[in-house]
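Lettered A, B, C, D and E in written order, each chain numbered from 1.
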Amino acid sequence: MRLPCPSLSLPEFPMSIARVNRLSPYMFMAPAVVIMAIALIYPLGYMIWGSFRDWAPSQTIGEAEFVGLKNYITLWNDPNFHESLTVTLKFAFFVVSIEMVIGVGLALLLDRDIRGMSMLRTMLILPMMIAPVVVGLMWRYMYHPTVGTFNRTLDSLGLPRVDWLGDHALMSVIIADIWQWTPFIFILSLAALQSLPRSALEAARIDGATAWQQIIYIKLPLMMPVLIVTCLLRLIDAFKVLEVILVLTEGGPGLSTEILALRISRTATEFRELGVAAAMSNYLLLLLMLLTVGMFAFTRWQEARAARIRALAEEDS
Amino acid sequence: NPYAEYEGTTVIVNFPAHPHYDAVMRVLPEFTKETGIEVEVDQLPYLKMRERQTLELAQEEGEYDLISYVVFSKADYVFADQLENLAKFFMNPKLADPSYDADDLIDGYVQNIGVAGGTKGYLPGPTGSLFGIPFGSETSVLAYRKDIFEKHGIAEPETYAQLLDAACKIPELEPGMGGMASRAASGHQASHAFLLHLAPLGGRVFDDKWNPIINNAAGVEAANALKTIVDCGPEGAMSFGPSEAANAFANGDAAMFMDSIAFMPGFENPDRSKVVGKVGYAMHPEGVRRGSQTGGFGIAIPKNAENKEAAFLLMQWLTSKKGDLMVAMEGGNPSRFSTYQDAGLNEKYPFSATFGEALKYADPDWRPIIPVWGKINADIGTTMSKVLTEDLDIQQALDGVAERTRAVMDEAGYYTWQ
Amino acid sequence: MPIIRLDSLVKRYGEVQVLHGIELEMADNEFTVLVGPSGCGKSTTLRMIAGLEDVSDGEIYIGDKPVSHLEPKDRDLAMVFQDYALYPHMNVAQNISFALRLQKRPKSEIDTKVRDVADLVGLTDFLARKPGALSGGQRQRVAMARALAKDSGIFLFDEPLSNLDAKLRGQMRAELAMMSQRVEKNMIYVTHDQIEAMTLADRIVVMHGGYIQQQGTPEELFKRPANRFVAGFLGSPPMNFLTARIQEENGQIFVAGQGFRLRLDGAKAQLAGKAKAGEVILGIRPSDLRFDAEASAETSLSLNVLVSEYIGAQSVLLCECGGTNVMVELNSETPVALGQTLNFTVNPNGIHLFDQQSEEALS
Amino acid sequence: MQTQRGNAAFYAVICVMVFMSIGPVLLMLVNSFKLDVDIISGTSGLLFLPTIQNYETALCDVLWYEPEHLDFCSLKFGGAFVNSIIIALVSTILTLVIGSMAAYALVRFRFMGRDTVSISTLMVRMVPPAVLLVPVFGLWNNEFCLDRDGLIGGLIRDTFGGRGDVCLAGTHSGIILIYVAMNLPFVIWILQSFIVQVPRSLEEAARVDGAGPFQVFFLVVLPLIKPGLAAAAIFTFRIAWNEYLLASALSDRNTKTVPILIVNNMSEFNVEWGVIMATGMLLAIPPIIFTLLASRQIITGMTAGAVKG
Amino acid sequence: MPIIRLDSLVKRYGEVQVLHGIELEMADNEFTVLVGPSGCGKSTTLRMIAGLEDVSDGEIYIGDKPVSHLEPKDRDLAMVFQDYALYPHMNVAQNISFALRLQKRPKSEIDTKVRDVADLVGLTDFLARKPGALSGGQRQRVAMARALAKDSGIFLFDEPLSNLDAKLRGQMRAELAMMSQRVEKNMIYVTHDQIEAMTLADRIVVMHGGYIQQQGTPEELFKRPANRFVAGFLGSPPMNFLTARIQEENGQIFVAGQGFRLRLDGAKAQLAGKAKAGEVILGIRPSDLRFDAEASAETSLSLNVLVSEYIGAQSVLLCECGGTNVMVELNSETPVALGQTLNFTVNPNGIHLFDQQSEEALS
């Protein structure tokens, strides 16, 4: 890396402030940049390159034949890919919206000084910490048509059994994800709630707002920035889910739970079409990029607004 | 002593996690004791094993000296020139055991699993040669609950009609019990289950010119049969993999189970099974013809192996009369006629005779073994799974498969000569 | 306007009692300031009146009606918070009208009210801005306006000026004083700043450690502090305290300590007799000392000048008298040099005597 | 003014939540002490004879005795456990050191391109592991290799043995590298919010006191962001410890981690629920311990990014 | 002790220039205070001296040596920060000795030094505590001690007292004044609080908008402010300003504006002649107004009293004179009533005249 020469400093003083100030950030950044470059950026570029090739796992990329946009077009016309994409979007939508509603609702309900709140939080983060693989196997056991906890409970209640991972696979997968991740939203919302300006809420009480009115007029609007960020984080994470579904259903029955991540991995390992898998990865990446850019636009917009406001305030004072 | 030269060598082998190979694991210490050759086993689920091998075999120097491969991998590996032709080992007087008796190996298996390059490229024929030896090969049989069938006076199913009839009658007669447990989970499992019925009902995936005919009447009938079976099957049948299906049967949740013989010893194991002694074994019922599956595994020596000779010795030992019997006694699947006739085995596993009989009808062409099969297989599997869960129109679904298959085949060059 | 009365109000947080039976009655249309050091329970008292804290014991009356069990919204009062507590997501107009909108008043009425109030505090041009876009002083005004819009008879303030910088604080203080003359409300104002208390209050209530120390007009408290705490708390620079004992010599009463011996006349001399065991604390405000080189020892302190702080017209001398620091406020023109020991006469009316044990003023 | 009854209702809600979140884990714990027969036959509740047989099966390769019920040891769980620990620990430490330095630079220094770095850092955070599967698989196996005949490659081959060219795939380092890269953005993001809170004047004081840039960083800044480091450490560890997909693509038989083993073990021929539960439990234990010991840090870490801080 | 000299020091942040050629030379052993409103560039100047900011232009000399290019550690100076910048993870002793330990001094020397310094600032009992366990004042002392331990000849302070509450600030200010007499160092002290500046400084440097407005002793600046800014900045309550024009009548010079007309005598009358176009700003400090009902219109202002702020011995009246607010400081005993219009004589020496355009003092 060539560094810009410090123009101000006198050459005979190597330890000039300017020099140190300009060098040290690069020194501190260097290891991270190197690692990210070789293990993330380069691979991503490599993937884009590979997506234009007909590429089998046993070939190096150089041996693979260049096929242009063929992989993308194939996918574009592939009903299975469409279905998988739909499943992914459905999964993400339901998971995020249900988790948001439950998580925020619970946070609003439990936002008070209750003894044992920290214990509750500890217990609630447990599901998030456990390996997705283990979560998958726990739920696979619980969903088991005969041995599983749910059907046994239904049996003992005299209710008809449910074919969890068959007819209702997507729902079951969604439930498992909700189980694992609702606490995330709960905890973030609770933190947001508790960092709300207490006095604004007290002012609302004095202004005559009932508990409901406080939630609707004060709490929710004030939590909104956090909620939006949380929502986006969850949304992006929802596209990363793979292991739980892999263990629970392996994408079946049919393609009913085959989310894109899973399909990518299957295309690469089972169908042995790395090029197609790479193209699919690119589609997914594009989708996520849209989300990310959306998130950025949002934070940028917020920052800009905050800056504008500050500027305004300074003008007046 | 032919082994002396290799004493102390470590042979690294790649085996699937599978009842047969579990039995092998119990026998391997015997081999080491006898020969002084150490064996290190990397046991993987068989689909994983295939992925691993794809990678390993492509290397210049591979990790494994001996691999076990799923039958449909034969096409890939041989096509990519990754397996050793076994001829040169059998020609080598220092290595080849004169008492090996290759004629005793079950011929159908050898043709199906070991030989490549004959008819259609994957079937035996004059142009074929031997790349692997069947080991842990399987055919399908029907296991049924003698007690239940007797109780309701149902006869052992001989034909598909009887089979389907029984499958749907049982749930009515025995509330809470499914008719037949079958694989059905999306992907490979559903495809496997469908093909299992396709051959006896007279269907094929391709005709002799590689045209997909999976959507003909036989295909529809096979899909219908599968659907009937799953619909009348036990709770949750449509997400069953083979182990769930076998467990359901072992747990008494289903009255029948038709799948590979590899599962059958498990039903006689009191640790795992609640139906010990109540199970009858019958041949795969007859549709328009008899045609049970052929499948399972073979063992082969990769081109990039390090200790090929020692690996051959292990391979030969395991598939020798003695080795085969030892493995069979531990619950493995015999690869030799003589093993099936062994009195000790028949005593321990009374169903062995039935299996031996079933083998005669094993159909080596029940599923094509060509390099693009993985993709077609996945397509059939997903489509079948949709048929089972989403009530897709069967004819339409199969037409779709046929069309996509044709495209795949076309791209792979199968129609070049037409 | 409803009158507020606190009847032996007690507040406990768990085991800890922070208010010990507060008794207080505010007159109608009075500006009452609760003042005291941090943690003395001012805010707690105010918040109990507002209904934001539960009452542990005792009762609060608003115009004869006990209200301890009522929700804040049912007490008909308005409050200005230290951090203004504006709703950040609403603009100024919405902030001001929030309470009215909750009451479902007709829109036209709300608009009129908002305009009136905004006019009163000079916010008319900012009605559409969000609080984030306002300066500190403007925010403070919004908080005031919001409280005013409610039309309640009672106005509570919890340190409303403490988040402003010194200059702005002075200015807002003056505005507040003017406004309190204009609007007729019962105001209760909490602050820990004695200057604010002195300048704004009709009646000051000095609190300390959960007890009321003294209440009265600013002048009463400044001139006749009830105890050493109040004496030291009000006034800046603070009162000087010297431990001393009462001595009688030739019928004359002296108060004497390390390095000084002052004669007491008349009323003060009489008070001195009430001191237990003759031990007292002598309190003298810095402004009650005057430089006088010639002063006799009986009417003056002789002080060693350590530091002189020039602050313009006035200077403050930090001196030392028998090991105790003594501050003197004097005209900057007075020629004093550091390190010297000088005589300062004591204004006889400026002598305060406190009992050494109880620290109560002798009276 | 909350009523007793209201409070009772809230505690009830809390109890239900706790039950729901830890119920499945408890279920797994209980089942891991059951024989398969018990699990399948549904001897419900706690009426069963606890057995450690499943754990014996799982840990057979590190036990000092041969469990009676096993004929041979198929699960190499012990080895996988060691792999998991090595990979998780090393990648955590590396990530923290590298990440904290980068975060510091991003927060503290004004230099060209800082915004771009910041943005790409966040962008990269959005990349799902599945997307990395293909390129990582290809690169680690084919490109990131040292020629076996080369100097270093030869040296490694001579020292450690093995076959073929020396590639990143199949080594601990290969998996660690990708984990470090994957976790860096997140760690940088969390630590940034902690470093921002370190008053700049502290660093300036240290500079006036005579400390150089690295002294400032290691003597003053790092000790002050310990809570952040703890939070970041737990999150990185968790990901490295739990990750399945990339590990399964990159590991060979000697570098398998526990999640791979568990997925493999759910093979189709016999689902041995008891053993699976036992392995699952073993995999879950470290995260559970962290959760119980350091829930505060975890929550700080979680909220650091999203909630103002 | 090394002397510091700033030679047309310029600071630019990107496009914005915030310091415009600062020229300053501090005498040896002098306590220099930089004072000015927020954002005027005080801290920037100080931080450039410390080496924490790059110099955009000009040069800094420490004892004849140009130092702009040196790292802070190579400039041999000590600094006390506004927030003290104590290392929270080290105890007091470690905080104090950090610089010495970086210099790898022998352990015994460090120990002695730490003990000596702790003694000096009265921290001996707290050496083992972490800063978190100290009160504000104690922390301030640790910051002082840490700077003292370094043994540098130059001492920089950036608003070291502004984080303390009013009472403690006064006390620490006095201590600082005493200490500055004891230790022989060149001190540069930044504050925005004019009282601090006035009380502590040997020399005050008033800054505004990146320029030095005036420098000199506190008295010079208070009595003879060079311009309206300095006049208004120093002194509390601040100087009153009234726009006026110079009039001549019968050989007598008057300064007249809305509602007042004051006669100027002698020297002031001469100065008045220098005003451009006769337009001036009249400045009068609140303490230069004295209530005198009988005063003649030529020597007094007649003011409408709006608010009276009682602050003890003194009261401040907020009055109004022809639309301009005027503050008057007077003895609390003076009987004034709100709403009345009263006469206040102006101390003739307290009349300040500034040019209306340039706002420079006429002289």
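Please note the rule applied: a residue touches a chain if its C-beta (ideal position, glycine included) is under 8 Å from a C-beta of that chain, and two chains touch if they have at least 3 such contacts.
Since the model is a prediction, treat every value here as computed from it, not as a measurement.
Among the remaining chains, those touching chain B as well as chain D are A.
Summed over C-beta pairs in contact, the chain pair with the top total is A-D. Of all chains, the one whose CA centroid is most distant from that of chain C is B. Using the average of C-alpha coordinates as each chain's centre, B ends up farthest from chain E. Separation between the centroids of chain A and chain E, computed from CA atoms only, is 54 Å. Mean C-alpha position of chain B lies 93 Å from that of chain C. The distance from the centre of chain A to the centre of chain B, with each centre set as the mean of the Cα atoms, comes to 41 Å.
In this assembly, the C-alpha centroid of chain A lies 17 Å from the C-alpha centroid of chain D. Each of residues 20-21, 57, 147, 269 in chain A touches at least two other chains. Counting partners per residue, chain D has 40 as the residues that reach two or more other chains.
Looking at chain C, residues 71 sit in touch with two or more other chains.
By the touch criterion stated above, chain A contacts chain B in their complex at residues 57-59, 80, 144-147, 151, 161, 163-167, 169, 249-256, 258, 266, 269-273.
Across the complex, chain A meets chain C through its residues 197, 199-200, 202-210, 213, 217-218, 221-222, 224, 306, 308-310, 312-314, 316-317.
Chain D makes touch with chain A in their complex at residues 2, 7, 10-11, 13-14, 17-18, 20-22, 24-25, 27-28, 31, 39-40, 42, 44, 97-99, 101-102, 104-106, 108-109, 111-112, 114, 117, 119, 121-124, 126-139, 142-144, 177-178, 180-182, 184-185, 188, 213, 217, 238, 241-242, 244-245, 249, 258-259, 262-263, 266, 273, 276-277, 280, 283-284, 287-288, 290-292, 295-296, 298-299, 302-303, 305-308.
Contact residues on chain E toward chain D in their complex (touch as defined above): 47, 50-52, 71-73, 77-79, 81-83, 85-89, 98-99, 102-103, 146, 150.
Across the complex, chain A is touched by residues 47, 51, 54-55, 57-58, 80, 184-187, 190, 234-239, 248, 251, 253, 374-375, 378-379, 382-383, 385-386, 388-390 of chain B.
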